[in-house]
Amino acid sequence: MKSYRQILVLLLVAMMLLSSVGCTQFVASTEEPASGDEAVTNQLDPADQVPAIEFWIQTQAADPIRYEAGLMVAESWKELGFEVDAQTREWASMSAEGMKAHEHDAFMVKWGGKPERVDPYHWLYSMHHSSAADEGGYNIAGYINPVYDALAEEFATNLDLEARQSAAMEMQELLARDVPQPPMFKLELKNAYNQAKFTNVTPGVGLGVYSFWNFMNITPKTDDKILNLGQVNDINLLNPLATKTGQDIYMLKNIYDPLVRLDVKGEAVLWLATELNEIDDTTIEITIRDDVKFHDGEPLTVEDVKFTFDFAKEVNSPTYKGHVKSIESVEITGENTVTFKLFEPYAPFISNTLSQCLILPKHIWSKAYEEKGAEGVLTWDNLPAIGSGPFVFDYWRPNEEFALKTNKEYFQKPKIDAIIRTPYAQAIGLVQGLVAGEVELTSANMLPLDLEAVAKNPDIAIVELPDEGSYIIHYNMRTAPFDDVYARRALTMAIPRQKIIDVVLDGGGLSTFSLISETNEFWFNPDVEQLDFNLDAARKELENAGYRWDDKGRLYYPENFQVTPIMPE
Amino acid sequence: MRLAKYLFKRLIIVFITLFILVSIVFLMFRVIPGDPVSMFIDSGLDAESQQLMMKLYGLDKPIPEQYIIYMKNLFRGDLGNSFTYGKSVVEVISERFLNTLVLTLTSLMIAFTLGIKTGSFLAWHRNSKIDLVGTILALIVRCAPVFWTGMILLSIFAFKLEWLPLGGMTSVGQNFTGFWDKILSLDFLKHLILPAITSALYSMATPTLLMRTSMLEVIKEDYIELAYAKGIPEKKVRRRHAMRTALLPVVTIFAVQAGLAIGGSVLVETVFRWPGMGREIVLAVSSRDYPMAQGAFLFIGFATIVFNLIADVLYAYLDPRVSLG
Amino acid sequence: MKNIFKLFKKNIIGIIGLSIFMFFVLVAIFADQLAPYDPMEIQFFAEGGVKRLLSPSMGHLLGTTYMGRDIFSQMVIGTRIAVLVGVISAVCVAFIGTNIGLIAGYFGGIVERILMGIVDVMYGIPFLPFALILVSVLGPGVQNVILAIVLITWRNSSRVIRAQVLSLKNRTFIEAAKLSGASDFRILYKHIAPNVVPVSLIYVSTSMASAIMSESSISFLGLGDPMQVSWGRILFTCYQSQAMFKAPWWVLPPGIAITLLVLSGYMMGRAFEEIANPKLRER
Amino acid sequence: MTLLDVQKLSIEYRLSDGKLRAVDQVSLKLESGDVLGLVGESGCGKSTLVKGIINLLPSNGRIIEGDIVFEDVVLNKLSKESMRKKRWKEISLITQSAMNSLNPVYRVGDQIAEVIIEHEKVGKRSAMEKAEELFDLVGLDRGRLQDYPHQFSGGMKQRAIIAMSLALNPKLIIADEPTTALDVIVQSQILERMNNLLKGYSGSMILVTHDVSVVAQTCTKVAVMYGGKIVEYGDVVQVLKKPNHPYTMGLKNAFPSLIGEKRELVSISGTPPDLSKEILGCRFAERCPFVIERCKGMSLEKTEVENGYFYCIRHAEKEELRKRADLPETWESEV
C-alpha cells in the first residue's frame, strides 16, 4: 500500500517539477511586460504606452519563408520599442479574419504577380481606393486618402494611356510615403526544364514556364513530343465558372480560348478576336475568327461569345463576376461581330475582362443548365472539359496524372503533342523527378538546395525570372498604432529586408518599395521614397513625431497625442 | 440466427456512434476560424464573388439549417460536393480510401505474417538470448516514429541506393486500364514496397509481442501436454494446437489494428506522397473543404468501427467458447 | 499490493526504462544550462554568412540546420516539450480513465451504460484526424496538443479498469466494507482504487509513451506549437527544408530521442504489467 | 511378464537458484495386468515420476540416472521420434486436469479422432466410428462428439479423456490424479466407471493419487512415495492392512477407510521436505512420530518383504509402531 504511494508521489513530484519548468518558460515571455508597474521610476503614464501589435505569421507548414521572415520582422519591431505578439495562423483563418474581415493588426501575405495584374488596376485601384475598404474589399489596410482616390478614379476610367500612366506614378509616390501596406521583397524565381529534350522555352510574365506561351512555343528536340510537366499540387476543378486557383485557371487557358490573350510581357494581343473597335468610352465592337471549332466539332460563333458573358452573369459565376460586372450588355451585331456595352468607362476592360473570360460552348452549357440549374452548373466538375483551345482534355486521374493532347485542327499549332501534368505533392519529389528525368519542365520555384540537387543532372537548365508579385505586410489603419503614419513609417524602416533576403532566401530575392514590379517598365515608378531598413532612421522618425521611450526601451505615445493618418502635404 | 440478431444490435450502436461522430465533426468545422472562400481572396475573388461562393456552398444559411440539410443528405448517402474538386465527396473519397486500404492492408498482412511467425518462434525459444534480443528489437521498432523510419528508409533505399522510387503511387506516363491492372503492375508494387514496409515495421511489434505472450500462455496449458502425450509430432503440436489457439487474440487485434492504421495512415502517406485518405484529410482541413473533411472523417470512423465489429465477430467465430450477445 | 516498489526494483526492464526516463527528465530540467545556444537563434559566421547545414563539430555538437540553428540546443530544449507532454497527458489520461472506469464499474446500471457508451463512441474516433481538426479549431499550441491526446486516449484505460472493478466488486472485503456502512466514495477510493493502481500505472507509462509519439506526429504534420522547439518539429523542419538526404545529423538525433523516450514508457509499462499480472512474472 | 521396469531412476529440475531432485533413485516393477497405485502428498514426485516414464518432463527437468525399461526397450534412450510413436499407442496418459486437457477450439470428437488418425493411419470416418464406440464405452452420448469442450461438464470431460486413453488399446495407462479436480459425487462415479472399464481391459495401469482410499478400491499394487523416494511398495491389501513404513501408516489414517470401521481422520502435521537441499537419512524423519537419532544422518536400509519392500530402520519394531500409529494422539503430540 505504501509503495504505490511512493511511486505516485515520485510521479507527481516529477510532474510538478516539469510543469514548473515548462510554465516558467511559457510565462517568461509574458512576464516582462506584466511587471511594467515598476515603471514609476520615469514619469511616463502607462496609459500612453503604445498598444501591443498582434502580428500574424503564416504557419511553417504552409510557407516557411513567410514564417521565418515574420519572426525576423517581429524581432526587429521589438527592438524599436514596440510590443509584438507574434502568432502563427493558418492561411484559412488569417485570410478570413484579415484579408476579408480586416480585423487584423498586421499580417504578411504574398501577392502573386499574375499577367492580368500587369495593368496595375489591382495594385493601385482595388487595393487602395477607399471604396474597397469595407469588409471583403481589397483595401485591406483601410487606406483612405481623398487625393489618392481622385487619382485612382482618373486611372481607372480614363482610356488615355498617358494620363493613366502619370496618375499611376503619382499614386505610387503617395503609397511609398504613407505606407499603408508596404511591399517588402520579392523572389527571384527559378524554373527548371530539361534542355536535352526541349528548347525554345518561353516563360511568361507572372507565370514563368506555366504560361500559355511556353506550352505553345516549347519545342521538342527529340522524337518524344510529350511534355512531362511536374508540379507540386494537382489541379482541382476544371469548371471555368467556378474554379479558384491559378493552377486550374492557367491550365484551363490551354483548353479554352479568350477573345484576347496577354502576351509574355502582359500586353493584350488579339486571339479569338480579330478586330477591336472602341466606338466610344463605353462601347466596344469585336470581330471574331470564323475558323475555330470546339473540341467536339461544333463551330465557335458569336452566339457562344454572347452566351458566355450573359450566362456568367445569370448563374452568378464567382470566377467571372469581378470581370463581367462592368458589362451592361452584349449584342450580336453581325455575322462575326459582337458589341459590348459598359455601364461606365473601364480602362482595363480589354486587358483584364476580355483576357480572363474564357469562351464557353453554348450547346454544352445551356444543356447543363437545363439539367442542373444555376447552382448545378457551378458545382459541376465539367468533365471532360470541352473548349476550343490548342489543347484537348485527354484524361485526369486525380493526384496521379492529368493529360492534354494537342488540338490538330487549331489555327496555331503547338510544337508538342501532349502535356502530362503530374502532381508530386512535395517539392522534394519533384526535384528528384527532375534529376531522374521523369519531369521535363516545372514552374515550381527552385530553392538553393533544389538547385544543388538538380545540378546532378547536366540536362536540367534553369530559367531565371523575376517574380511580379511581392511579399507585403498589411497594416491596419483602423487600429492603433497603425493609424499613425509616423508609426507606420518607423515600423516599415524596421523591416530587415536585406537580412531576410540573405538569411531566409539565401540571397534569392530583391527588396521592393512599390507594388508594381520594376520589370513592368511602363507603370513602374523608380523614384518613390525608399523606406529601407534603418533602425536609427526609424527611431528618428518616431522621435520627431514626439514618441517617447521609458528606461526599459518601451515605446510611448507623444504627450497630447493626435493621430496623423496620412502624411500632411 | 443469433449472429444476425447480434449484428443487428451492434449495427444500431454503430449507427448511433457514427451519428454522434458526424455531429461532433460538423460542429467542430463550423467553429474553425476561416472559411473555404476567403482563402482565395488573393487570387482574385472580390467581396461579391465571395458571397456568391458562400451561397453556392450553402454556407450562407444558419448553422442549424446547414446541419439539418447535411444530415438529410447523409441519410440518402449523399455527402455533398467537395468545395475543392467540385465532385461528389463519395466519389473522391472512395478512390483515396481504396489507395489507403491497399497500403494499410498490405502492410498489415506483412506485419502479421511476420509478427505471428516471429512471436511464436520467440515463445518457443523462451528465456533464450534470441527471445530477449527479439523482444527488445520488437519494442524498439514499435517505438520509432513511423515517419522517421520512413525518412530513413527513403534516404537509404531510394536516395542512396536508388533501388526504389522516392514516393508517389505510380510512375509518370503509366496507362492503366483499371484498378486491378494498376495494383498488380510491377510499377505499382515498386512504389508500394517502401511505404508498406515502413508501416509494417511499425505495426509488427503488436502481433509479435502478443503472439509471444499468447503462445507462452498456451504452451503451459494442459492440452499441449496432452497433445504431446498423445504422440502428436512436435510440429503439429505447435501448429495445430499451440499456434491455432494462441492466434485467437492476434487475429482479433488484426481488425483493431486495421482500424488504427487507417486513422494513422496520414503520416506514411505524407512521407511517401501516397495519394490516400490521410493526406486528403490534411488538405481538406487546411483548405476548409468541410464536406470533404467531414466525409473523410466519416469514412475513417466508419472503417474503425466496422473493423472493431469484425474483430468481435471474428473472435466469436474462432473461439467456440465465446458466444455473441 | 504492498511490494509494487520492491517488485519494480527487481524488474530489470523496468529499471532500464526508468533510468532512460529519468535521464530525459534531468535533461529537461537543466535544459537551459545544457543548451549552448538559443535553439531558435540563427548562427552566423564571423564574416557574416549563415552557418547553413554544418556537420557536427566541437562548436556545434550535432551540427546546424538549414537556417543555421544549433541542433544540439534544439534537441536539449525539445526534450522539455516531449517530457512535459508525456507526463502531463499520461497523468491526465490515467486519472480520467481510472476514475471513469471506477465509477462505471462500481455503480453499474445506467451510469455504467452511459459512460461505456461514451467510451464506445470514443473508440470510433480516429486519433490523428481528430487531433488535426482540434488543433485547427483551437490553434496550435502545446496545451491543445495535450488536450487532443487526453480527450482521445482516456478511453483505453477506462475499459480495463472497469473490468477490474467488476471483478473486485463482489469480493468479501468490499462486502464487509459495505456492511460496515462505509460510503460509496470511501469504498471506491479507499478499498477498490488501491487494487487497480498497478493497472493504472501500466496506463500511466504506456500513455506517456503514446502521448510523446502523438505529439511528435502532430508536430511532424506541422501542427505543433510554432513557437516551441520539439523533436517532432525538428524533423518536420528538416523534412520540409528538403535537407533530409543531405544531413543525417539533422534527421537521426530527434528520431533516436523519440524512440528512446517512448521505449522507456513501454518498458516501465511492461514492468508494471508483470507486477499487476503475476502469471507473467514467473517466466 | 514384466511390463515396466524402472531402475534407480533419478530426475532433477534446474531452477534459477539451484537444482531440485524430484525423483531420487526410484525402482519400480510392473507386471502385465497390474494396477499400481502411486500415492503420496503433493510435491512428493509422483507426477514427475510418471512424466519421466512417458518422457514428457518440462524443459528444465532431466533424467540424471537410471533407466526405464518398457517391454525390453529402454524408453529414456529412445529417439524422440520412436518415443513419440510409442506414446498413447502403448502408454496413454490421463492427466490431472481433464478440465483443461481438451483443446478449447476443437470439437471433442475431433480430438479423439486426431490420436487415432495419427497412430493408426486411418481415415477420419473410421476414426470417428471408433470414437463413437469409445463414447458408448464410457457412457457418453455419441452426439456429444460434435460438441466443444466448454459444453461438457467436468465429469464428462474426464470421461472423454478416459475414452481417449482407451482409444488405441494401450498396454499401459497412466492416470495422474484423474479425479482430483472433480467434486466428490462425480469422483466416485468416475472411479466406478474406471473400475468397470478395467475389468474389461487387459493392459496395466498406474494410478497416481494422494487418496489412499482410491488405491484400496482400485489397485492391485501400491507404491508410496515420499520426498522423491518410494518408501514402501507391495500388494495393495498387504500394504494397507499392515503398513510397514510410518508414513504409510500416517497416510492411512488421513483418509476414511473403505473397508474398515469408522474412525477419526488424522492428518500428518508438518510439510514435505525441501528437495532442493540434500537430505541425509530418512526423509520422513522430520515428521515421523517414531523418529530416533539413528534415522537422521544414516544411509537407508531396504527391507524386502513378500512381493514388496520398504525403507525404515525401525523395521524390527513394526508391529508396535503400527499399534501406536492407530492412536490419534501419536500424530498430534509430535509436531
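For reference, chains read A, B, C and D in written order, and residue numbers begin at 1 within each chain.
Throughout what follows, a contact is a pair of C-beta atoms (placed from the backbone, for glycine too) under 8 Å apart; a residue touches a chain by one contact, two chains touch by 3 or more.
Being a predicted model, the structure only gives us computed values, none of them experimental.
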| item | value |
| --- | --- |
| Chain whose mean Cα position lies farthest from chain B | D |
| Per-chain Cα centre nearest the global Cα centre, belonging to chain | B |
| Between B-C and A-C, the pair with more C-beta contacts | B-C |
| Mean-CA-position distance for chain D and chain B (Å) | 55 |
| Whole-Å gap separating chain A and chain C, where each centre is the average of the chain's CA atoms | 42 |
| Intercentroid distance (Cα basis), chain C paired with chain B, Å | 22 |
| Contacts with two or more other chains, residues of chain D listed in rising order | none |
| Where chain B touches two or more other chains at once, by residue number | 32-33, 159, 286 |
| Sites on chain C at which at least two other chains make contact | 136, 139, 221, 239, 244 |
| Every chain pair in contact, whichever chains are involved | A-B, A-C, B-C, B-D |
| Interfacial residue positions of chain D with respect to chain B in the complex | 54, 56, 80-81, 84-89, 92-93, 95-97, 99-105, 114-115, 118-119, 148, 150, 161, 164 |
| Chain C partner contacts - residues on chain A that touch it in the complex | 1-4, 6-8, 11-12, 14-15, 17-19, 21-22, 25, 57, 59-62, 64, 67-68, 71, 86-90, 427-428, 431, 447, 449-450, 453, 502-504, 506 |
| Residues of chain B touching chain D in the complex | 221-223, 225-234, 236, 241, 244-245, 248, 318-321 |
| Touching residues (chain side chain C, partner chain A) in the complex | 1-6, 8, 25, 28-29, 31, 40, 42, 50, 52, 66-68, 80, 83-84, 87-88, 91, 136, 139-140, 142, 194, 197-198, 201, 204, 221-223, 226-227, 233, 236-237, 239-244, 246 |
| Contact footprint of chain C on chain B as seen in their complex | 13-14, 16-18, 20-21, 25, 28-29, 31-33, 126-127, 139-140, 142-145, 147-149, 151-152, 154-155, 159-160, 213, 216-217, 259-260, 262-264, 266-267, 270-271, 278, 281-282, 285-286, 293, 296-297, 300-301, 304-305, 308 |
